Amino acid sequence: MVEGLLAPINLIIAALGVGFLLPLIARSSASIARGLFWLTQVFLLLISSVWLLRLIDGAPAVEVITAGIQPPFAINLYFGLFEAFVVSAVNLSAILGSWYLIDYFKSRAASMSVYLILTMGISGMVMTRDLFNLFIFIEITALATYGLLALDKRPASLAAGFKYIIATSLASTFFLLGTMLLYHLTGTLNIDDMLLHMDRITGPVGLAAGVLLLVGVIIELKPYPANGWGLDVYETVPAGVAAMISVGVSAGAFFALYKIVPLLGDFLPVVAAVGGATFLASNFIGLRQRNVRRMLGYSSVAQMGLMTLALAVLYMLGKSEYVTLVIGGLFINHLLAKAGLFWLAGVVDRPRTEAWVGLRHRPILLVILGILLAALAGFPPFPGFWGKWELIMQLSAGELPFWVFVVLLGSLLEAAYLYRWFGFALQDDETRAPAVEPVKLIPVGLFALSLLATGHLVADWLGLEAPRVLVPIYMGIILYALDGMPGRLKALLVLGAFAVYAYPVVMGLEGLHWLFGLILLLGGGVIAFAVLHRSDARRGFYPLLGMLLFSLASLLEASSTLEFFFAWEVLTLSSYLLISMGRGAREHILTFLMFSLGSAFLILAGFGFAYGETGSILLADLSKVEKSATLVFMLLTLGFLVKAGAAGLHVWLPGAYSEAEDDFSALLSAVVGKAAIFGLLLAAMHLAVNGVGAINQVLYVVSWLGLISALVGALMALFQEDVKKLLAYSSMGQVGYIVTAIAVSSQLGWVAAGYLTVNHLLFKGLLFLAVAGLVYQTGTRLMYQMGGLIKNLPMTYISVLIGIIAISGVPPLTGFGGKWLLLNALFDKGWYWQAGLAFFASAVAFLYLFRLIHTVFLGQRKQAHKDLREASWLLLFPQILLIVAIMAFSIWPKLLIDPIASSFAGIFPEALIWDGTMLKTRLGYWDGFMVINIVAGVFLVPLLILLFLSRFMQIQKVKQFNIVFAAERPETPETTHYAYNFFSFYEKALGPLLKPRATAFWDGVSEWSHTIGSTLRVLYTGNGQTYALYVLFYVVMIYIAVGGMG
Amino acid sequence: MDLPVSTITLSTGLALLLIGMWGMLTQKNIIRMIIGFSLIDTGVHMIMVTIGYLSGGTAPIINDAVDRLTALQDVVDPVPSALVLTAIVIGLGITAVMLAFAVQIHDKKKSLSIENCTESKW
Amino acid sequence: MSNDPKSIIEELSDHYQISEIKEQKADLLLLKIPKEDAVQFIRELRDGQNYTHLAFMTVIDYIESGIFTLTYMLHNYAAHHNIAVHVDIDREQTEMESIHELWVHAATYQRELREMYGIRFPGSPRLDDDFCLEGWDEIPPMRREFDTVSYSRERFFDREGRITTDPREHMKQIMYPIHTDND
Amino acid sequence: MEFWAVKIGYFLITLGMVTVYGLLLGAIIARTMARVQGRIGIPYWQPFLDIIKNLGKRTAVSHGVMFYMGPVFRIAGGIGTLAFVPVIYGSEMFSNFHFAGDLLLAMYFIFFGQLGMALGAGESGHPFSAIGVARGLGQMTAFELPFVLAIIAVVIQYDTLSITEIVAAQQGGVSNWTLFTNPLAVAAAMLAFLGMSGYPPFDVFTAPNEIPIGPPTEYHSSFLALMATNRAIFASAKLILFMDLFFGGATGLIEMIIKTWAIYMVAVVVGASFPRFRVDQSIRFFLRVPTLIGIASIAFVQIFLLG
Amino acid sequence: MTTKDQSLGPLANDGLSPEERDLFSDARPVPYQPYPIEVVEKFVNWVRANSLFMLAFGTGCGAVELNPLMTARYDAYRFGFQPRPTPRQASVFMIGGYASVKTLKRIIRSYEQMQGPKFVVALGICPVNGGMYWDSYNTVNQFDLYIPVDLYITGCMPRPEVLLAGVLELKKKIKEGRADGHNRYIENLDWYKANQKRIIKNWDMPDYSW
């Protein structure tokens, strides 16, 4: 009995039966009708999920043939694992979607039955193996959809619905024709039988049949440009219906495509092109879209395009075994995320993206939105990430670089408009926080959780050590669960957990990994300590901080490119979210994300081509790459250079570094930025050392790029009034030296790189933390509004002083060692011009450093700052640790250089010779220990002399206005402090050299992208007739494309 | 002239199809577009029937008049004809829905021109 | 329009009560105008007659007549000609309409006149700010009723032993001692 | 330990000698200038007297710790720079601590004093100090570029960063001097030297009337004395560095005195005959012709000297 | 070497608003004592006499006579006499003739900002008794009521030769240790301040401009 109830055919019967009954019942009792409606839905879900579980357990697939009659006269269903999966997913979204349609159903009883029939139609589309049945189910689905649209009764919906009908009815006409032609050729309507008679599908008729069949299905998937009608529907109908169309109907149509793909052998490139064009074009147009639902519509269409592309390409490459992972991943990702987003759009009900301001104050809503968007953008651990990864791997392995480019570009564009939307949601405007019933969030929240869960399942299924790779994510979730605790407690928790986790990690590493283990994990821990200085709760901060720190650890632990990329993406996402917490960050986070994703995609492509050649995703096997080594190295280097903020690619950097929260900026610049250096060294170590291909030329270019970054960073830093922007540009410049040092690719060069990296970590951490304290105390970031603070914040002053001496390369502190090593390396390599530029850049750096310390700490103190106190000791403590480290490395440079040299041991011939405390290279020598002693001597002796002389002078300590002011008295500190536009003459001297060219260029790129979007969307006139014409043209074009003309 | 029936039906079907397309793509009036669709539908049905037709064949009724052994060559394929029935029903349904839409649109907009249905675009 | 200053004045005489017209030099014409019409007249000269430059602005203290005579010296660059517009104002009711809107730099002259003579120009920018004197609390020093000698004695104390002579007598004695003897 | 005692002893002797020489050099230059103007000029001992006078001031004001330490940083920078440059080639006594580091060390150490001075001047709170420092540093970055290019040319030419080895390579006759083997580098370096020496036309950062002598405008008493002493030491150290790199170094005291005086006179003569550049003009100047010469010098070395 | 006279306490700085008082030092200056060793004091005095840094501040019309003093004809550099652009570094203040009340204010500030020992030389007759401006409403008649003067050089105007003679005279005075204006000013600070404040009405500066 139970077994009978659970028969798959009941999916059709129950829905159909109840569907027809409902209007009748509704006449007598609306509530009974509703109850029955829900019951049926639950029943449908129950059947499909029970079967899904059974099939997963290995039960054989079920073939249903109704009434004992052969199809097409009866219904022929095949219920395998995939079918069960898709049907369950569709039923689940249907039942959850109807949650959002309750009001709609109340007012229109008939719509319930239509809804059920729609669900049924989709299930049928998925399950049937018979072409004519497929046609019927397509038509049922279509009719049900039309019904839902017609019941809405708003003019816009009606218009959209009519357009939808015109287009889809044309499509189904084509499908029908195609079906009949195939039948004519093969004498059967069953897909499996047709596959047996593939040899009969030839000649013009065969071609025409294929084209018509293909177009019939493809049009249902709304390919660009024949999809204007679809978008109109997404825009106008209720969110629940839109979600159903986007998720359910598309799923059915896509499954139909999946079924007929084997029939389409020769058409696959065209199918791929159709998918690719749709993916790219829709995402371009999405850029221009500010209507949330229409934007989601474009995204939907794009996702379908991507899946079409993936399907076709995988079949083309004969890699159909990856379909499960790629398509499955992309499909479930799209299903959960897109349905969720449509529902959310319905719940929040603000049509324009820019109206989503204030969501920040509804944490649950924001988290859900964040998860859904992250999934859609292909961030780990969501299933889309795995799908996209495998897709890129297979595309690269199949030597289809063009498709790799299309997929990555499209994904980037999609992320751009999705995250622009998210950016609005992040805006801080409490008054505009949406009022949402929590009940409404249950289904969408459920989907968000399912996304996380499926992510885990996929990782597990892939055989990754899921717990370890996913640790950052778990940490984030656990800490988020504990987010109600007091701020400091959470901070301690994060730091404690990190310490416990990181210690064995560092201990277990060796070589380069060990070095960067210390830099990233130890340095990260020390600098992250500063978060303790704030006692407020900082909702959301600590979970993300945990995610960030743990992802750094994962990055180091990664043994395969997949793990590396996973950690890299988690790092990107968590830094993006952390940056977005800064007050003024809104304008910059999108840029940050775009460049981060661009960088990630370059890296992904690099890994892909490496996999393509070696067939291995182990990091260690990167060194086996030979043929495409140059390409892989270029892609990886470029990717990491973006994150390192190389000149031209740096436009994201100043905004992100300066607008992040003050204590996080330190972490971002000093530690997170080093991940890119780690990546660069990793790539160089595996690929550049062999010197195959044109890698040496690449390195030469990189060396210039590094130094140009150093110069540009220094020059830009000169003209900043914002202290954090100044430090941000300074970071860019300093990292430029490191990049150049890496490019030198010799022992000297890499030791210099390691040395500079550690040094940058120390002084930039120091400076950013000091500035954090400063900003926290003064409440401003503008340097000219400060001044004379040495008297109030002496410890902070000492930090900054040590920091700037260390950064500027003035002996005796650590900075000099870095410059010495770098210049020696450059001389040794024969890169003399670069050496000159390096020197000049470091001289320019001196200017902004002086400005930093002068305008903030020296000069005239403002009256408002009279009573400021020193920064919190919790903020000073890590600074003191860093100062101690700087001093120790200054006195004993060997402490630093030896471990660095040992982590690169054996790669290059030895060029550094220790002679006691003396360090020698071929060209020069330097004894850090002796130098600091001599300097101490020449400093202390005059100091003692002056102290002695002071005994004979009455030295009066005076106040800030006791200055010689041309015989006048200063009026106010503001007008007496020389700070604003400090280096105006430099601007005047260099003039056009200082134009922000990179920013202009990227603005241009953004402008072009939008223009492309505008151009592409001109086709969408809104006229249903035009859309029908496109459909027709589409058929013709496909026909031409598959060779129908020749 | 010795025109086979199938040629006549096929060309008629195609002609209807094209006329219907023309109607759908050029007529601004929604009702006319629906008529166009009906024509397409009819055309397609005719084509379907033609595909199954065997020149000189007999009705697909297995009785004494048909030799069971040669039935496959002699008998007109019954499947398309059967399918056409379903297709006609579906076509009818769609036409009905379209007309319903037309009524609704006319109610709301007081116009039947497709050009007035451009609220959403781009 | 004639460029001849005489004819300009004649032309303007139709509308303004111009008196005491005197051609001091070939390039300098003096005239007097009632206080009420003065600013309008000056504006007319500036806008209509091309006397675009205010060379200076000063005042003469006629304590005997109880009036201050304000002098506006206007210059015509094209003709290289000056017109000095005299305006009498009452020494007690020392107030005059400001012309800082005609010439921005007039405000500075007016500050000076306010400080040194106590003439008020309502609306003139920074009129009451210190100009030359800092913290002056007496009657304005350039008014003729101000006794500078006694002020100086009272405030700066003459040094003992200082001999003051009448300059004319003294110089006569030094330069022509013989004549002096003879007198 | 003994090694250090000897070294420190020698260095103190060198330091004393260089200080005296530097101060005398200042007086000589001043008298030379006076002669040009038809005056007699200051007495030779005037710089010494000025220093003692300033030390003998009985009152002083201090704006804070950095203000107090500024001159100490400054003189430490001067003495340190001297310490890393060998004064006389082949002389144990006058070779200072050059074994602690190479040319790069000396070049970077020049910044040490600048930084300290800038900080001290900054703490005085005087806007003119800050303006002077900003201009001075800005100009420094500009002349640093041709200077560095010249030095790079020298380093390529002699294939070493050790100053002693650079001097050694120039021994054996006038024709071995960098001046004659690599005239372009010397030209670039000498143009940079004009900026370094702070004579017109590159003296806007100390403009006495406009921003009363710029950075040290608040300094007086013993602070000023220290700075005046440093001026002598630092100028000498730079002259010696130039002499070592470009003019064959010196094997004896007399040679050193003549050479450094001659180098110094270049700046003085140029200074006596030019008015002043604005700071943006001088930056542009250095980034144009001298830099081009510097670039040419490297190209010259790479093409002609190394083949 | 000296201890502050605690009995007098800090200066009141009445002329400043309360918030401005934070910006200026209110310390009371203290006279300096000679070096404990007499020889040192004598030597230092000799040095001071031979290293005179003049403050380049032309306070009145007499300043025009200072310029030729530096030129080839008179060449005061010979005597260790040279101009200095900032009061902090100067030791000689040449009062260039008449001092109006407004200038006096600046003179006081600059004088107080000079570091001791410091010397004041007043040129021309005007600082002595007002000269031809004796009856002016804004020219001080007895300059030494406000600033201690070490040497007067009279004349209207005194020619450079006389100035040179004055410089030599000043040197003599310094060598003999008689140029004690600095200490006189500080010891009688209250008297000087009272005089200054009597004629400077808007005293918007600290009582002692360090």
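Each chain gets a letter, A, B, C, D and E, in the order it is written, and its residues are counted from 1.
Heads up, the rule we're going with is that a residue touches a chain if its C-beta (ideal position, glycine included) is under 8 Å from a C-beta of that chain, and two chains touch if they have at least 3 such contacts.
No experiment lies behind these values; they were computed from the predicted model shown.
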Q.
Apart from chain A, how do the chains cluster through contacts, with nothing moved?
A. B | C, D, E
Q | Chains touching both chain B and chain C | A | none
**Q.** Farthest-lying chain, centroid of Cα atoms versus that of chain B
**A.** E
Q | Chain pair with the higher count of C-beta pairs in contact (A-D, A-E) | A | A-D
Q: Determine the chain that sits nearest the middle of the structure, using the mean of its CA atoms as its centre.
A: A
Q: Go ahead and note the Å separation of the Cα centroids belonging to chain D and chain E.
A: 36
Q. What whole-number Å value describes the gap between the mean CA coordinates of chain A and chain C?
A. 78
Q.
How many angstrom lie between the centres of chain A and chain B, each centre taken as the mean Cα position?
A. 50
Q.
So the centre of each chain is just the mean of its C-alpha atoms; given that, what is the distance between chain C and chain E in Å?
A. 38
Q) Hey, what residues on chain E touch two or more of the other chains? A) 29, 32, 86, 88, 210
Q) Hey, which chains are touching each other here? A) A-B, A-D, A-E, C-E, D-E
Q | Touching residues (chain side chain A, partner chain D) in the complex | A | 788, 790-791, 801, 804-805, 808-811, 816, 819-820, 823-824, 827, 832-833, 835-836, 839-840, 843-844, 846-847, 850-851, 853-854, 857-860, 923-927, 930-931, 934-935, 937-939, 942-943, 945-946, 949-950, 952-958, 960-966, 976-979, 982-983, 985-986, 988-990
Q: Enumerate the contact residues on chain D facing chain A in the complex.
A: 8, 55, 57-66, 68-69, 71-73, 75-76, 79-80, 83-84, 97, 99-105, 108-109, 111-112, 114-115, 118-119, 122-128, 130-131, 133-135, 137-138, 140-142, 144-145, 148-149, 152, 155-156, 159-162, 212, 217-218, 221-223, 226, 278-281, 283-284, 287, 294-295, 298, 302
Q.
For the complex, give me every residue of chain A touching chain B.
A. 72-73, 132, 135-136, 139, 142-143, 146-147, 150, 153-156, 158-163, 165-166, 169-170, 173, 176-177, 180-181, 183-184, 189, 228, 231-232, 235-236, 285, 288-289, 294, 1017, 1020-1025, 1028-1029, 1032
Q. Along chain C, where are the residues that touch chain E in the complex?
A. 130, 132-138, 141, 146, 148-149, 151-152, 155-159, 162, 164
Q | Of all residues in chain E, those that touch chain C in their complex | A | 101-102, 105, 128-130, 134-142, 145, 198-203
